[in-house]
Each structure stands twice: as structure tokens, then as C-alpha cells.
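Per-chain numbering from 1; labels A, B, C, D, E and F assigned in written order.
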Amino acid sequence: MTATPDMTPSVAALIDLALEEDLGRGDVTSTAVLDPRATAEADLVARERLVVAGLAVAAAVFQRVDRSIAVELAAADGDELAPGARAATVRGRASSLLAAERTALNFVQRLSGIATLSRRYHEAVRGTGLRVTDTRKTTPGFRLLEKAAVRAGGAANHRFDLGSGVLIKDNHLAVAGSIGEAVLRARAGAPHGMKIEVEVDSLEQLDSALQAGADIVLLDNFTAANVEEAMRRVRTRTPRPLVEVSGGVTLARLPELARAGVDLVSVGALTHSARAMDLALDIRVRAP
Amino acid sequence: MTATPDMTPSVAALIDLALEEDLGRGDVTSTAVLDPRATAEADLVARERLVVAGLAVAAAVFQRVDRSIAVELAAADGDELAPGARAATVRGRASSLLAAERTALNFVQRLSGIATLSRRYHEAVRGTGLRVTDTRKTTPGFRLLEKAAVRAGGAANHRFDLGSGVLIKDNHLAVAGSIGEAVLRARAGAPHGMKIEVEVDSLEQLDSALQAGADIVLLDNFTAANVEEAMRRVRTRTPRPLVEVSGGVTLARLPELARAGVDLVSVGALTHSARAMDLALDIRVRAP
Amino acid sequence: MTATPDMTPSVAALIDLALEEDLGRGDVTSTAVLDPRATAEADLVARERLVVAGLAVAAAVFQRVDRSIAVELAAADGDELAPGARAATVRGRASSLLAAERTALNFVQRLSGIATLSRRYHEAVRGTGLRVTDTRKTTPGFRLLEKAAVRAGGAANHRFDLGSGVLIKDNHLAVAGSIGEAVLRARAGAPHGMKIEVEVDSLEQLDSALQAGADIVLLDNFTAANVEEAMRRVRTRTPRPLVEVSGGVTLARLPELARAGVDLVSVGALTHSARAMDLALDIRVRAP
Amino acid sequence: MTATPDMTPSVAALIDLALEEDLGRGDVTSTAVLDPRATAEADLVARERLVVAGLAVAAAVFQRVDRSIAVELAAADGDELAPGARAATVRGRASSLLAAERTALNFVQRLSGIATLSRRYHEAVRGTGLRVTDTRKTTPGFRLLEKAAVRAGGAANHRFDLGSGVLIKDNHLAVAGSIGEAVLRARAGAPHGMKIEVEVDSLEQLDSALQAGADIVLLDNFTAANVEEAMRRVRTRTPRPLVEVSGGVTLARLPELARAGVDLVSVGALTHSARAMDLALDIRVRAP
Amino acid sequence: MTATPDMTPSVAALIDLALEEDLGRGDVTSTAVLDPRATAEADLVARERLVVAGLAVAAAVFQRVDRSIAVELAAADGDELAPGARAATVRGRASSLLAAERTALNFVQRLSGIATLSRRYHEAVRGTGLRVTDTRKTTPGFRLLEKAAVRAGGAANHRFDLGSGVLIKDNHLAVAGSIGEAVLRARAGAPHGMKIEVEVDSLEQLDSALQAGADIVLLDNFTAANVEEAMRRVRTRTPRPLVEVSGGVTLARLPELARAGVDLVSVGALTHSARAMDLALDIRVRAP
Amino acid sequence: MTATPDMTPSVAALIDLALEEDLGRGDVTSTAVLDPRATAEADLVARERLVVAGLAVAAAVFQRVDRSIAVELAAADGDELAPGARAATVRGRASSLLAAERTALNFVQRLSGIATLSRRYHEAVRGTGLRVTDTRKTTPGFRLLEKAAVRAGGAANHRFDLGSGVLIKDNHLAVAGSIGEAVLRARAGAPHGMKIEVEVDSLEQLDSALQAGADIVLLDNFTAANVEEAMRRVRTRTPRPLVEVSGGVTLARLPELARAGVDLVSVGALTHSARAMDLALDIRVRAP
């Protein structure tokens, strides 16, 4: 349940955007009020029960502000923290710690929100054959970080982007014509390591997708009854395609979907509507 | 109630990060399935009642993907849209529209979430002397956009960053010593156009701040009774300092704070915990 | 056989690096020698038989140097051009055309080299069930462009990057232990839309991969005899996994591999060792 | 024969583009398959006889992926390596080594190809007065690196870019009029430290260039007989201008050009058509 | 009187632009002439009496060129240096020191020029109630650095940018109508921590601004007599607004303005017309 | 006397840094005070006699802020403007014009300062054989722009950077040994189109440089008498090397240097100590 998002150039660029927007004109309060030689240490602590994520980014924020800040991690992404539990300790110039504080917290609060929500979904399906995945409904610029937070919570990732998975949707069919034709073209044109997934919104479309040889079918906004009927039809195929369900799926519906034998459920809310978790930085002045 | 966030270099950089993460490896589905010459038009529509924000960014996303896409706005940031109402129409190459779709929606759904929540807070204080403001608890990299969304919703902005407002907090006091000393230094060192704001967490600290001549006092996590007592003490000063309240303030508490004569309430949830609004892109194929 | 690589932010960044390195200190010759008001037009022509690729990038180079340059395409990526054939015509300030010339040519000569070589491989397997693909052995920073050039030549793309396909190699096994264990973990951890591919360098490893349920097996540096034996073993499985062959495969070996029933052959040389094609810019002065 | 390309901001930007395109979405295989705590070491070894180049860039790639990777160089740019010879050893987290492997190899294979080819040309003129130089026909974004690789091979650099040398070509003459006029303007307008070079494609043009006082004449696509006649005419001038020859010059022609007394020959193929050399990363797992 | 401008992402980007423009094509002299293994040390020394500024940036320049260069500071920003005094010593590869020399000096000479000029203004008002501030007339891209240099000299900062202070100018009034209306809108729309400043160019406009309740009035190009009259009118208001004077204010006029009771004088020349101070790098070769 | 600095990627990046620092947090005054639909036009006018430069950059600034702003140039770089003369007119949204105003002025005031000072030097040598050049003592990030401003003023450019000219200085000699050795290495290692320039600070060093065959000698801080003696010695050589003089050369000394037959004088002050020229933007509101 570890998740160590690598510090890619894009994540570094995002951290730079974030620091520039908060610090780019200096810090008028600290500049005026603080002794520039003062040093301090501070604990990053949970203020409520949560699954933490984004610790590597928070550490990178502190060190981008001031390379001489020491960061000591006391938890790993995916750990569940009780209120008051310490996730990390940072030490260095007081003005640097205060300068980095808000940006570091903004990252970790948001990513922990996603990990915590993902954990709840993950626990609801634990022990069943159903896998909960995220979607591409992520915060612009945050996809790598948010997908790592989803994994930290225990849920799984759907395709990363438009280039790493084939998913034929209604909009493609509107342009491309029949499902059969679209699957054929996808099989011929897409890299051979990718399965062909087709989104369907009716049992008729499902039949077309199955006939076309889709590797995965995505049932969008199906009723419980239609999901069951869909599973019946899917089970007649060899090899049996994977079945994904999407469309406003709540925690409450997960047991029913698991019982029906659905393989995957994708949940946009994991990333687009998780609330921020409450974490804070408790600062202590140190003798210089 | 208009809000037109200018397309600053940083916002352009954020859009580039977002497009690169979704499109940087191409779109395997569209490349394989679509006729590259196909054209289409699509409506950006609300799927629930909401206050829209981020339309300029969404437009910029489409045109960054393909400069030949035409964008026609049917609403302005800050407008309230009923379910089904159209916010914009885009026209161009079908593969370009599909490539930009998710990123444009991710921006506008999130920013509309902030505008919609801000509107609810704004309406709760309409006609009173109380002003609702945002905080610096914004999504890293999104501050300019999210602060514009808050204004689109009708709420007000607090300081933009560490360089555009003096706010002396407990962490500064831990390093700098007394409130009196800190205010003195801030008055001497900060640009003359900035008021000096001091965060206090007790009535004793409030007295020190008032004595030190703070222009604004921020009552953090005060009970209703203590807010009333604080207002009594503040009213004895000439000129009377502004009073801001923060700390988990819910909609329900706003009337009471307004009645107490509080000037400002700052609400982190406006930006850190708004849920995404449901908007979609309805595509129509056009004769080429 | 069209290929229109979209102008992603990264491709724009690469064009900027290229122009900066050639033009960043100005053009001392043109500045001293040319009348700044002189205008000209120029044809981009093939000097040898080739399959053209990179025209969109070349056009972008001219317009990045000077937005007022008009570019008229006379061919599309993937077209075969005879010596002397025109691929495009550009018109504008003479100094701008000369400033962009070398950079535009450097892109299109290199990408046309890849398309031309890919076409030769593609023609060698036309009508058979064998598909020729590229690899990740691309010029750093050019992957999107080079993979589009491969498609323009008629060959196919392998996975784009480390995030868009699972390929378990000897280096993974050295760290992870057995093939069985590695496939199990990959199935559990990778996005559900990706097939699991395993590289094997012996028939024994092949058996392990088949038993582990690999979706694709990659026979690395197998002799012709061992390829045939491998195909025999693969054909006993249901569903039958795909078979890819790699390791210094030359044009001459393709018919034999096709006859053996191999599905895919991946060829690093398509991108790492194609020679540049000869194209030139023939300039004509125009009356201003 | 050392070559240490400095790590300029542009080279750093190119490395970032390269890592982003391969790693920007994570590494699905390593994430799923490897123990994140596993460490390893690996040798960068030659698989064929070659002149190595690009070691500093390869080292930078590993350290950009993971600052904790240790890089130990066993060779220097310009060294000739036998098959199996070790160029460097890297040590660190196994997942980091695998993540950086392909990008590091892509740089060093390509640059070693250029150094190896340059060495062959260099050896063909060793002991003569003829100097082999590169051109501006480099891979876009790679000029600094490729010019260093040319020097590592023992050949020389022509002007770096449009701003660091005056070269009047037929395209300039088409716009500017006579050679005499062009040389006059160049002498007046270009920085005083630059010699004036004029490209000529006939003996008549050569005479004009000599009369105009060109410091260097570039004989483009001259036959052997015309080169000899050109040298006769050039030798009559005091000070005698330098003579450069270009236009599809092969290794075989070098001795003849050296005997004719030509000073320089510029060869585009050094950078635009060198094939990649075969180097590999041999990984060994270490006890953690 | 210390000033340690933090190394924000934008300052890092500016350093990169500066190094790229001087070093991006390598250093042809050092590459040809120096032994690449030679090491050296060098002192950064003042060649005239000056107030130094920009030392942190100079240090960053050296370390960006070559991370192994050691920088030892012998002075702090704001220190006054006599001719010959040492500000810093750098040690490392000779070719790296020479590569960084000019760029490091260009920063520190310019910023020291600003600090030195600011010091002269600061000393002219020392002991009076008058504060000298800078303006937004800074070198594009250098605002953070130049504002820190102003503080190093002892003068104060005006608002940083268009987002960190309200200043209503004639151009706003031309568009917005009356001063009263403009102040009203600013009070309602701007963040509550900002005072409202109004620029006036006549006593009539001053009266309007006072009546509108401006917190600060900026007297632009007022004669001495009018400044005195303005002060009389301002003193009648409770609370008394701050008074700023601008418009070609020379050192000679400062005592008179101080005597008149003016609070602030803003001086564009501090940043737009300071001449560079003379500092140099004295290099010494060291045994390797 | 035209100078049209091309809009290279680096200049675009500098403009972005400049706009981000002034506008990146929005414009609190215009946002609060102006009607967002208001349009205006404004003249860029000279407030003193000056030689204008940087008009292309100023235009680019306006259009980067708002692509719909129309820019009409009324002068060209290098034109001399009388007080009140118009250099350009811009038209568009009032809030956009005000947002771009300061940054555009900051560029053009500074570059016009350089052009104006360069013109004065240029006129002092007009009709003589002496050429005035700039140095590398430019504002970091502004070299391309400032060198164009120098040319707009009529003076000439020295080498652009460390990669476009060989200049052997005392620091190189300290490391490399004798002048003779250094010149030999430079001739062998530097691109053949570059002359070899040697800086000397005594007549003895001059003799060594002449003997070594330097193409250009730079007399650093020579007295008038020594300059004359140096010229005598130089004139004995065939071909006679060029002679450059540097070291605090003032306008007053130019006639004497011209009479002595010196070829070049390089003046750091052209770029490092020119004062900003006074230009302003006069705005007029237009009916919408």
C-alpha cells in the first residue's frame, strides 16, 4: 500500500507554478517581522482520521523553497493516521518553513482527501471480485499525483490518458459509424498491447460490442436489472470480456454490483469531488 | 458579476501541463477510429443547476489543441445555469474536439463548483454588512483561476499570496515574540499600502493586537460568545479596526456573525472542498 | 496513410529549443546582407525518392519564426515523392524564410528518413499476417513525432512509453523473481485495459510465460528454428497468445517470420538508425 | 580528445522532455512488479567497437530520475571501447535504474554513433592539412551535444548557428544581388571577429568571391578537376583565403581533397545519418 | 539591512535565460585554450565604493554552471564595500569559473548599482519622517531582485505589482469617471487588507480624493507650494491620509519634502537609471 | 538604421516572466474600478528627445496580454523622436491596455536609453575609421534585445556570447600559460570562421600577441601614448591585425583614438549604464 510518485519534470513544473503563485513576490510578513537567522522545526500532523498521500510532493515543496530544509518522514503514502498523528517533521530556517507551509499543505490535504475516499471505496469491495478504479476526471496538471493517491487508498487506476488505452465512446460512434466498424479499426490501428474497450448505453449496443469482439464493455448508466441482464449475455462469450460499470456509482451500490459479477466500477468522484483532509504544520522555534 | 481571468503566462503553462498529460502521447482511439477529416460541433451544457466559471479557460483549452476550433460563448462566468442550459458551442475537427473535451470539462466543472458554492455563501450574507472571502487554501497552480471563480460566485477575495497582504499569525509570533513588536516591525517594513492584520486566538491576544494598532484582527476559532465580546472591545477603538472571523465557519453560522457586526468571514472550503459540477459536451457530427 | 501529429505542448517546446539553438543570437549574415523588406517564396522539394513525414512540424517551424509566413502543403505525411516533387511552398519575408530553413529541413529530413525506412519494412510484410512495429529506441524528445513517422510509413506502433503498456523483461525478473510471480503482480496492479507481455530468451522461459498466462510473448534473439518451435508451443494455448519477435531483425528475415506465423516484429532501427532523406528549400525572390 | 559538454539550461530542458515522454505517466510494469525497496547496480557496456560520447548526459539522466543514484564513469567521451568494455556503472533503487535506462541509452547510443563516424573521417585525414568539420544539419535541439560528439570523435566544428559565423549562400545572393555587394555589407555589418565566408558553385562565382575579398570560399558540389582549378586560383591571392569543400563528400574522396590542398571539408552525414551504436545496461540485483 | 531574495522559480528561470544566452553554444575560447582539469579560485571584489546586492544570485549563477563550485560569501547584501574589498570567493574548475564570470558580474553590478543609489536617497532622509520608495519601473523580469536591492540600500518598497496594491490613476479616471465613484468601487471590490491610494495632479483632484475617503493620496508633479497647500488640506482629515509625492524627485528636493511633512516619495530612477557598479573577478590558478 | 529583433523563444520567455511578475495576480485596481467592456486607444509618445528602440517587443507585450489589441507603429527602431512625437498607437479593451502599459514602457524606455546613448557614440566617430562596439556587459536575459538596440543607435556589435568569438584574456593566460601557446591552441580548436583576438595590458604582451599571429589585439586600459606606440608596432605586421581599445573609454577620448588609427573601441557603458528614456502612454477612452 505504498505509493511513491516519482518526481517527473511535469510534477516539478507544477510545484514551481504553485510556489511562484504564493511566493513569487516574496513574503511581506516574514520579511518584515522575522529574524532571518531564526530556525525552527515543525511537525506535519493529521487533525482528523485520514489516509495520507502526497508526502513526497510535500517534501519536494519544502526543499524547492530552501534546499537546506531537512525533511524526515514519519509515515508513508497509504498509511492511515489518527487525529494528532505525525506524518513528517521539517527543520530549517523559520522564514523558509513558513514560506513553504501553505503550498505543501495544499498538496497533501487534497491528495490525502483522494486517498481517504479511495480507501472507503476499496474497503467496500474488499474480498469481492469487484475492482474500483478512477477516471480521467482529475484536476488538470495533477493526474500523475492523483492516480498515485488513488492507489495509495487501495483503489486501482483506469487508463492514464488518451494514449494509454482504447475506449470507444458514443462520441466516437457518432463520427465513426457502427460499433463493429470502430472495433475493427481500433484492433488494426492501436498498439497490440491494448485491449479494446467499448462504452455502451443499452443492451442493444452491448450485443453489438460483444459481436464485434470487444475485450471490455463499459455499461454506462445501466439500471441494476440491466446490469444483471448484461452479465448474463456477457457470460455466454468465450473468452468472456471484462465488464466495467460507470455513471454516478455510490458506495451503497457496490455490494450489488459485486454480487452481479461485475469486474470493474469507475468512479469520477474519487478525484473530482473528494474534500480536502485537515492536516496542519505545528511549528516550534529552535535555538539557532 | 462577470469574471474574466486574463490568460497569464502561468495559466497558459497550467493548460499546457494539463493537455500534455492527457494528449501528449496522442489519442489512440481517435487516431484508429475516426476519419481525420470529419468535423463536428458540440454544446457545453449544464447537467444540474450551477453557477458557471472558467469559460475563458475552457475556450483556451480548445484553441490550444487546435487553433481552428471556433468557440462561441453563450454564457458568462457568474451566470446561473439551469439543467440543460448551454454555456458554449465549439466547432471544428471532430478529433480535435474529442481531444480537448476532457481537459476543458475538468477545468470548468471544478471552477463552476467553486463559483456555485461561493454563490450560496454570498446569498446567505446578501444585504448584511458581512463579506465572505476565500483563503490561500487553493489548488496548487490554480489560485488566479479559483479566486476569479470565487468572485464569479459573488464572494470576495482575501490576499492573493504572501506578497500582497500582511497577516501576522501564531507561527510568526512564536518566532518574533510579542504582538506589539511584530506589528511595529510590520508597519516599518511592509509596503505602505497594506493594512496590518493580526490573527488572534483569545481575547487576551485580541487586546494586545488592538493596543498594537492592528488595522484588522482575525478571530480564529472563537465561540459565538467570544465573538460578541470581541466586537464590544473592538468598537471602543478609533478608528475601529476591521474584524475577520475564520475557523470552520458553516453557512448556518453566517447570520449570527452578521448580526454581531463582524466585517469578514474567510472560508477555506470555498476552494478546497467544493465538489465538481456536472457539465458535459454534447457532440453533433456535421457534414464536412 | 495520413499522419497528422498534433502540435502538443512538448512538440512546441522542442521546436522552441531547436529555433533557439540556431537563431537565438540572430542571423549575422541575413542581418548584414539582406534588405529587411525583401520577400520571397520557396518550394520544399524532394531530392531523392522518399516517403515524406513531418510536414506539420516544418510548417509550425516557419510560422513560429514569423507568423506572417504562408505555408501551402502540396503533399501529406505518408505520400511517396519522386525526386524533384514538391512537398510544400512557403511565402513571406526573405530573412524569415532563410532563418527557418535549416531547422525546418532538419525535422523533415529526419522524419522522412524514418517514414521511408518504415515503408520498406511495411512493404516486405504486406499481405502477410506479420505486423512491423517500432520500439522505444527513439530520439530523446522526438517520440510522438517519430511514432507518427513510423505510422506514415505504414508500420505500426509498439507501446508509447513506460506508462502505456506492460512489458516484463529480464531486468524485471532479476529483481522480481519468477515469471509466474511477475505476471500475477502485473495482472493485479496494472490498468485492466493492458495486456501482459513477457520477454523471454529461451524456450524454457517461454514455457513459464505461457503457463503464467501471458497475453503476449516476446521472443528475444531467437534462432529461426527456435521461433518455429516457439510457435508450436504457443499454438497449444487457448486463447493463443500473440507472439512478437525482436533482436536485430533485418528485412531479409521478415518473410521467414511471416511464414512461421509470428504476429509482430519490433525493429529499433526504424527510429534509431534511419538515414536522413535529402530534401531542400528552393528559394525565389518576389517583387515586394 | 576529451569532450565535456556542459549541462546548459537547454540540455537540461531536452533531458526533461525526454524523461517526461517516457516516464511522465509512471512505469506500469515496475510499479506492479518490483519491490520498491529493491536496489541494484548496472554496467553501461559497449556491445560493439565504438567511440563513446554523451556520458555526461547519460549520467545527468540517471540523476534527474533519482538524485540518489550514484554514477561512476569508467571512460571519457572520445575513448574507443572494445565490445564488452564498460563505460560506466550506476547504483541505486532498481525501479529508478530501470526508469532511466532507455532514455540514457537513447542519448549515448546516438551520440556515440556520431563520435564513431567522426573518428573514421578524422583518421582518414590524420597527418594531412585537411580538417573535417560538421554542419548545421543536426538533430533539432541536440546541436550542442552533437557538436561535442563530433569533437569527441576528433573532427572539428563549423559555425554553431546563424549568429556565430558569416556564410553567404546562393539564397542570400538571390535576394542581395552581387557577391561583391554582399561581402561589402557583411564586412560592415557583422561583428569584427568573424571571417566572411562565401559559398560558390562555379569557377566564375569563385572569381567574384576572391575579388570581393572573401576570407573563406566554400566550393559546393565541385568536381575533382574544378577543385584543382579552384585551388590554383586561390593560391594567387595574398593573404590566401581558406578553402572549404562540401556536397556529399565520402570517405573515399578525402585523400584526393587533401592532396589538392583543400583546407576544410564539411560533412552533413556526421550528424544527420550516423547509425546508433549498440550499448546496453547490464543490471545486477544487490542485497538491499 | 540584510536582504536575501529567495531563489523563486522565476529567478531561477531568469538565471537560466542569462546563462543560455552567454553559454548555450559553449565557450570556444576556454574549450580550445584551457586544460579541462585546471582548477582555480577567484575573488569577487569591489573596484569602487559601493553598497553590494545580488550576492545570492551571483552564487546561484556559479552553482548552476557547475554544482561543484564552492562559494564563500565575505559580505552580505546591504554591506558597504570599499574599493578592493572582497565580497565573495569561488573555487572550482577554471573553465567553469570563467564560464560563469560575466553573467554573475552582470547581475551583481546592476543590483549593486541600485542598492548604492538607494542608499544615497535613504541617507538623505534618515532621521526624518519621510520614506523613499521604489516604483514598478523595474527591469522586466527583475522586479523581485531589484526590490530586494532597494531594501538592501535602505529604501522601502512600493506595491510589488498590479495585484498587491490599489492605485487609482488618471488613466483609470478617464475610463471610470469620477474619483468618488472609483474609490467606492475599489473599496467594494479590492481585498480588504489594501488601502486605497489615489493619484492626483491638482488641488481640485486632491479635494475629491480626500472627500472620497482615499487612504493615501499621491501628489504627482506638484510644485513645492502646492505640496505645502496639499499638506494643509490633508491635515484637516481624520484619520489623516498618507501623502506620497512623485514625479522626477531629485535628492536635492528631499529635505524640503521632509520638512513639509510628506510621508512618502517614490523614485523611479532607483531602478530604471542606476548605473552599474564596478566589481570584478580576480582569478588565481591553483595546483590541481 | 532599422533594427527588427526577431521574437525568439527566449525573448518570448522574457516577456512572459515580465508579464507574470506584474500581472500574475491580476490587476486589483482595474478589476474593481473599470467597466470590463470599456475600450480605449493610447499613443506611445516620447517625452524627451531620444532614439527609439524596442518597438517590436512593446508590441509583443500588448498582444501577449490580449491578442485583440491592435498595434500601429508610427516609427521604427533607430528613428530619432522629438519630445511629443508618437512612436505607436494601441487600441483595445481599456483594462488590457492598462495591464500591459507598465511592462511595455519598461522595455522600450530601457532599450531606447541604450539606442540613444549608442547614437551619441556613433556620431562622435562618424566619418572616421573607428567603430564603436558593445560588450557582453548586458542585462542578463536581454542580450539579443540590447545588441539590437545598440545597432539601432548606429554602433556595432562585438561577439554575441562565449560561443561566437575567440577572445583570449588574462584569465585564460593565467591558466593556459603563454600567449603563443594559447593562440596556437585557439587556431587549432576554434571554428575556422573565427578570428583570434587577444587582450593585452602592456606593450610586452602586445609583442607576444603579434608574434603569435593574433588576428585582433585588444589594448586594455592603455594610455594615449601607449596606444600610439601600439599602433606603430601593429602597422609593421602583414596582414595588419585589427586593433581594439577598451577600458572606461569616454566620448571625449574617441577623436584621439580615431586619429591614432584604432579600428575598434568597445564600451560597456552602452548597455550597463544607459539611463532610461522618458516615454509615456497617453490613453483616450473610445465609445465602445
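Heads up, the rule we're going with is that contacts are C-beta pairs under 8 Å (C-beta built on N, C-alpha and C of every residue); 3 or more make two chains touch, one makes a residue touch a chain.
Just so it is clear, the structure is predicted and the values come from calculations on it, not from any experiment.
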Statement: Any chain touching chain C and chain D at once appears in the list A, B, E, F
Longest centre-to-centre distance from chain B, chain (CA-based): D
Message: Can you tell me which chain lies farthest from chain C, using the average of the Cα atoms as each chain's centre?
response: E
Message: Of the pairs B-C and B-E, which shows more C-beta pairs in contact?
response: B-E
Query: Quick one: chain D and chain E, Cα centre-to-centre, how many Å?
result: 44
Chain A and chain F, separation of their C-alpha mean positions in angstrom: 51
Task: Could you give the separation in Å between the centres of chain A and chain B, each centre being the mean of its C-alpha atoms?
output: 22
- prompt: Of all residues in chain F, which are in touch with two or more distinct other chains?
  reply: 10, 17, 20-21, 23-26, 99, 143-144, 160-161, 163-167, 189, 191, 194
Message: Quick check on the complex: what are the chain E residues that touch chain D?
response: 16-17, 19-20, 23-26, 36, 64-66, 96, 99
Field: In the complex, chain E residues that touch chain B
entry: 131, 133, 156-160, 163-167, 189, 191-195, 197, 215-216, 239, 242, 244, 263-264
Query: If you look only at chain E, which of its residues touch chain C in the complex?
result: 20-21, 24-25
- request: Enumerate the contact residues on chain B facing chain A in the complex.
  value: 10, 13-15, 17-18, 20-35, 38, 40, 94, 98-99, 101-103, 105-107, 109-110, 113, 136-144, 161-168, 171-172, 174-176, 182, 185-186, 188-191, 194, 268-269, 272-273, 275-276, 281, 283-285
Message: Under the stated contact criterion, what part of chain F meets chain C in this complex?
response: 2, 4-6, 8-10, 143-144, 147-148, 160-161, 164
